[in-house]
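In what comes next, subunit A is part of two complexes: it sits with subunit B in the first one and with subunit C in the second one.
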Partner chain A sequence: METNSGDVNQTTFDPTFQHPYSPARLPETVRPSKSQDLKSRFKNLRKTRGDGNCFYRAFGFAYLETLLTNGKEYKRFFETAQKSKDDLIGLGFPQFTLEDFHDTFMDVVKMVEKPGTTAALVEAFNDGGLSDYFVVYLRLLVSGHLQQNADSYIYFIDGERTIKEFCSQEVEPMGKESDHIHIVSLTKALQVPICVEYMDREGDKCNSFTFNPFEGTADSADATPVFTLLYRPGHYDILYPL
Partner chain B sequence: MAQSPSGSAVKALQLELKKIQTEPVEGFRVKLVNDSNIFEWEVAIFGPPSTLYEGGYFKAHMKFPADYPYSPPSVRFITKMWHPNVYENGEVCISILHPPVDDPQSGELPSERWNPTQTVRTILLSVISLLNEPNTFSPANVDASVMFRKWKESKGKEKEYENIIRKQVQATKEEAEKDNVKVPTTLQEYCVLSTPAHDNQVDADFYDDDYVDDLDDEEEMYHEEDEEDSGNEES
Partner chain C sequence: MSTKKVNSTATARLKQDYMRIMKDPVPYIQAAPLPSNILEWHYIVEGPENSAYEGGIYHGKLLFPREFPFKPPSIYMLTPNGRFKCNTRLCLSISDFHPDTWNPAWSVSTILTGLLSFMLEKSPTLGSIETSLYTKRQLAAQSGAFNLNNKIFCDLFPEIAQKIRTQLKKQAEELKKALESSNNSNSSHTSNNLNGDAVLDHNGVAVGPGGGRAGGPLGAGGAGGGGGRWHMRGTVTNMLVIVGFAAFAFVVKHVLTNVVDMK
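Presenting the complex of A and B:
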C-alpha cells in the first residue's frame, strides 16, 4: 500500500502514471497516450513529496541508489562532495552552519558504503532531520555552482537580478521549485548526467531530455544518464526503466 | 515544504546557543527567555562605537519557528526604538528575516536573504548594521524614516533624529546597570569582547575575518546606504 506521507516513498508499480498532485494542470486528453508511452519503457515510479524540494530529493535519492552498485563512481562522488565544503565556505556561507549541513550530507552519502541498501536510503530520506539537511546542501551546491560560473548563467535568469540575488531568492530557500537552470547547475556541479521525461502538454509521447554536464568536452560522448526522473507540471518523481 | 519535526529545530538551536555562549562574538549577548523553551531567546545588542548608538544597550526577543532553520525567526525590540525599520511594536523589518515566500522586497534592493545557513549571529550582525544604516526604501516607521533623511541630507544640521536617538541611548543606561553590564564604547573594547576566553580550539581565520569586517563597517557607516548592509561573511 502506497502512501503519500513520506518524503520518498517505497517504490510501487503505478500503472496509471497519474499525476498525484495537480492533475488539473495536465489535460485529460493527453494523459493516456503519454502514460502508455511511459509504461512501454518504465516498470516503476517512486513518488517524492510535493513540497517544492522534489527535484533535489528525487535527484539525491535516485543518484545515491545508483551508487549502491557503482563503487567507482561512489569514490569519485565522495571526493567531490568532500571537497565542495571549502568552495562554499570560500563563497561566504557561514562556516559554522555550513559545516553542520555538510556533515549531515556526508552522513547520508556514507550510507551507500557496504552494506548500503535501498531500504536504508528510503529510511534516511524519510527522516526529516537527514532528508531536509541533504536537500539544503544540494541547494547550496547549486548556488555555489551558479555563483562560480556567474558569467555563463547571467543571461538565463529572469528579471534584472544578479546571480547572487537569484540564488538567494530562488535556490537557497527551502521549498523553492526547480527549473531548467537548477537542473543544469546540479548536474554540472556534481558531474552527473541525468535524463528527465517531460509529461507535459506537447506531443503524444513524453519528451525526454538528457542533461549532459560534459557537453562540449572530450567526455561528452560517455554521458549516459545515470537515472531518469519524470516531470509532470510542477513535480518530479523517479522512474525505473524496464 | 516538508513539515520538519521540531527535532531538527531544537538540534540547530541548541548547537547555536552553545556556540555563542562558549565563544561570544562582538556586539551582543544572548540567553533564553525561559530555560525550558529553546524557541525564544532574549538578546542584548550593544550600540556600535562611533555611531549615534554608541553606549546603547538594546534588548530584543527572538522567536524561532518550528521549522527553523528552514524559515527565519522574528526579532522584536523590547527596548523602545525610533528607527525607520522598526515597527511601533518593536518588530524589526529587515530582508534577512523575510521568509522565502511572499517576499515584499523582491527585486528592490540587493540585500541578504534568509537561507538555512543563516544564524542568530548573522542576523544580529545585520541588525547591528541596520541600526546605523536604515533602509529608507521600505520603512516600517515612516515618520522616523522622513526624520532620518532630513538629518542625513542636512549632514546632521537637522538634529531632531539625532536627539531622539541619543535620548533613547541614554535611557538604556539604567537597564544596563540593572543587568550589571558594562557596554563597550570604543572599537577596541567592542571587538576585544568578541575574543573567546579559550581560543586555543578556535579557527583563527574565523575571528580575524570578523575583526576586519567590523573595522570596515565602522569606516563605511556614513556612506551610501545601498551598499550591502550586512557587511558580514562576505570577505
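Presenting the complex of A and C:
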C-alpha cells in the first residue's frame, strides 16, 4: 500500500510462466517441466501484487472479469453480495464502517454492467481506494463465513485459537496471506467454484486442485471452475486458459 | 467514482467517522479532529463510575496514517492518569504497534472504546505504568485543572472545559467558605485541610519532626483536629517516653547493683 500502482497490472502479463524464485528454492530440474506444463494448457498469466492480499485481489479481478460475459451468474452474484451485508452486521461488525466497505464493494461489482470492460476493471483494481476496499470486504466475507460455520472449521486451524481469534488474527487484517481454509471459505461464501494450479516442488507437472463449494450437495457434479489461479509458494496470480 | 477515492480515502473515511461519532455518541467518549489536520484527532475519555478513574477527564490524541483505514493510528494519552505514560505511543492491539492485528473495519469509536476497556484492565503493555489506587484517584481529581492548560483541549471541547471551570470555581468557593467558618481556630490548618487524606498519611509517619513546625501554645486549636496540636502532642509523648525510659533504666541499674551487693 506504499503505492497505488500495479495491484493487478495489465502490463505484467507473463506468458513464459517462469517461476520467479531462485533455483536454490526450486530445483532447476523441476522448473522447465512445470512451466512447459502450464504453457501447454494456458495462454497467459496476469500478475497481481505480492502484498499478502494477492489471493483476494486475484480472486476478485478474475471473477468479475468472467462476469463481464455471464449475465446470469452476475445477477446471482449481485444478489448474494447485496444481502451479505446484513449477515455480517448480524455477526457484530461495526455497522457504518461495514456499510462503507460494502458500498464501495458494490460500486466495483456494478462496473461489470455498464457494459463493463476489462480495461475498466484493471483501472479499478489498480486504484488503491477501490481495490483495497474490495479486498477488505472479501476478507470480511471470509471471516463471516468462518464464524457462521465455526463448528465445521474449528479442527482446521492451527494452535489453540477460537474461530473468532483466528479471523481477527489471520483473516481480517490487511496483508495476511491466504491458506487453504481462506480459499475454501471464500468460494463457499460466494458459491463460486475455482481451480488452483500449484507450482510447487512435487511432481513434473503442476498439481491442479478444484475448490468446489457445492461438494456434498446435489449441484456438486456441475461445478465447473469459473477461473484458474496459479499458486507459486507465497503468491497467487491469474491464469488464462488456451 | 474512481478519482474520488484516490488519495482521499483516509480523509473521506475520517470525515464519515466524525459525522458518525457526533450522531451516535459513545458512552464516556468524545473525539474530534483538528480543524487544520483531519489526520490528528483529540479525544476525551471520562472515567466511568465505580472505577479508579471516576471523575477523571483524560485527554489524548490519535495520529492517523495516510493509509488509514488500512493501517492503524498511533494512540497517545496526554493527561496524567496512572495507567498510561503521557506523550508516549501506546502499544495496544488497536494501535500502530500492531498493524498485523488491525482490522480496517474498526472505526474511531471502536478504537476509543477499546482504549477505555484496556484502561480499566490491569494488564501491562508498552507505555503502561503501575500506580496505586490512591494515585489514580488523586490524578483523576487533578485531571480537569490539568486539561485547562492545554489550548487544543479548550478549543476542541469548549463545553467540557467550561464544565471543569465551573466545577473548579465551585470547589474554590466551598473551600473559602469552609475556611471562613473555621477561621476562629488555628490558622495553620489551612494547608492541611486542602487534602484530608494527605494529612493522615503524613502524621502517621512523621510525628517527631513535626514538632518543630508547631508554633502555637499547647492548648491551641481545641475545636478541630488541627495539625499543630497533633504535632505538639507527638513531641510531648516522645519526651514522656524518653523520661520514663531513663527512670526505668535507673531503677534497673539500682536493683542490679543491690543484687550484686547482696551476694
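Just so it is clear, the second predicted complex is superposed on the first by the 226 of 242 C-alpha atoms of A that agree within 3 Å, B and C clash if a C-alpha of one lies under 4 Å from a C-alpha of the other, contacts with A are read in each partner's own complex, and residues count from 1 in each chain.
Just so we're on the same page, contacts are C-beta pairs under 8 Å (C-beta built on N, C-alpha and C of every residue); 3 or more make two chains touch, one makes a residue touch a chain.
In this text the structure is predicted, and so the values were computed from the model without any measurement.
Superimposing the complexes on subunit A yields a three-chain arrangement in which subunit B and subunit C clash. Once the two complexes are overlaid on the shared chain, A:Met174 sits against subunit B and subunit C alike.
Judged by the touch definition given at the top, the superposed model places A:Asp107 against subunit C, while subunit B stays out of reach.
By the touch criterion defined above, A:Asp7 reaches subunit B but does not reach subunit C. Look at A:Pro225: by the touch rule set out above, it reaches neither subunit B nor subunit C. When the two complexes are overlaid on their common chain A, residue A:Gly159 makes contact with subunit B while staying clear of subunit C.
By the touch criterion defined above, A:Glu123 reaches subunit C but does not reach subunit B. Residue contacts after overlaying the shared chain place A:Leu140 against subunit B and subunit C alike. If you count the residues of subunit A touched by subunit B and by subunit C, you find the higher number for B.
Contact with subunit B, but none with subunit C, is seen for A:Gly92 once the two complexes are overlaid on the shared chain. Within the superposed three-chain model, A:Gly234 lies out of touch with both subunit B and subunit C [touch as defined at top]. Where the contact sets of subunit A with subunit B and with subunit C meet, they give residues 93-94, 96-98, 100-101, 128-129, 132-133, 136, 140, 168-169, 172-176.
Residues of subunit C touching subunit A in their complex: 1-2, 4-9, 13, 16, 20, 67, 69-71, 99-107, 109-110. Of all the residues in subunit A, the ones that touch subunit C in their complex are 1, 4, 93-94, 96-98, 100-101, 104, 107, 123-124, 127-130, 132-133, 136, 140, 168-169, 172-176.
Chain contact summary for the complex, subunit B toward subunit A: residues 1-5, 7-8, 11-12, 15-16, 19, 69-71, 100-101, 103, 106-107, 110, 112-119, 121-122, 203, 206, 233-235.
Contact residues on subunit A toward subunit B in their complex (touch as defined above): 7, 49, 51-53, 92-98, 100-101, 128-129, 131-133, 136, 139-140, 159-162, 164-165, 168-169, 172-176.
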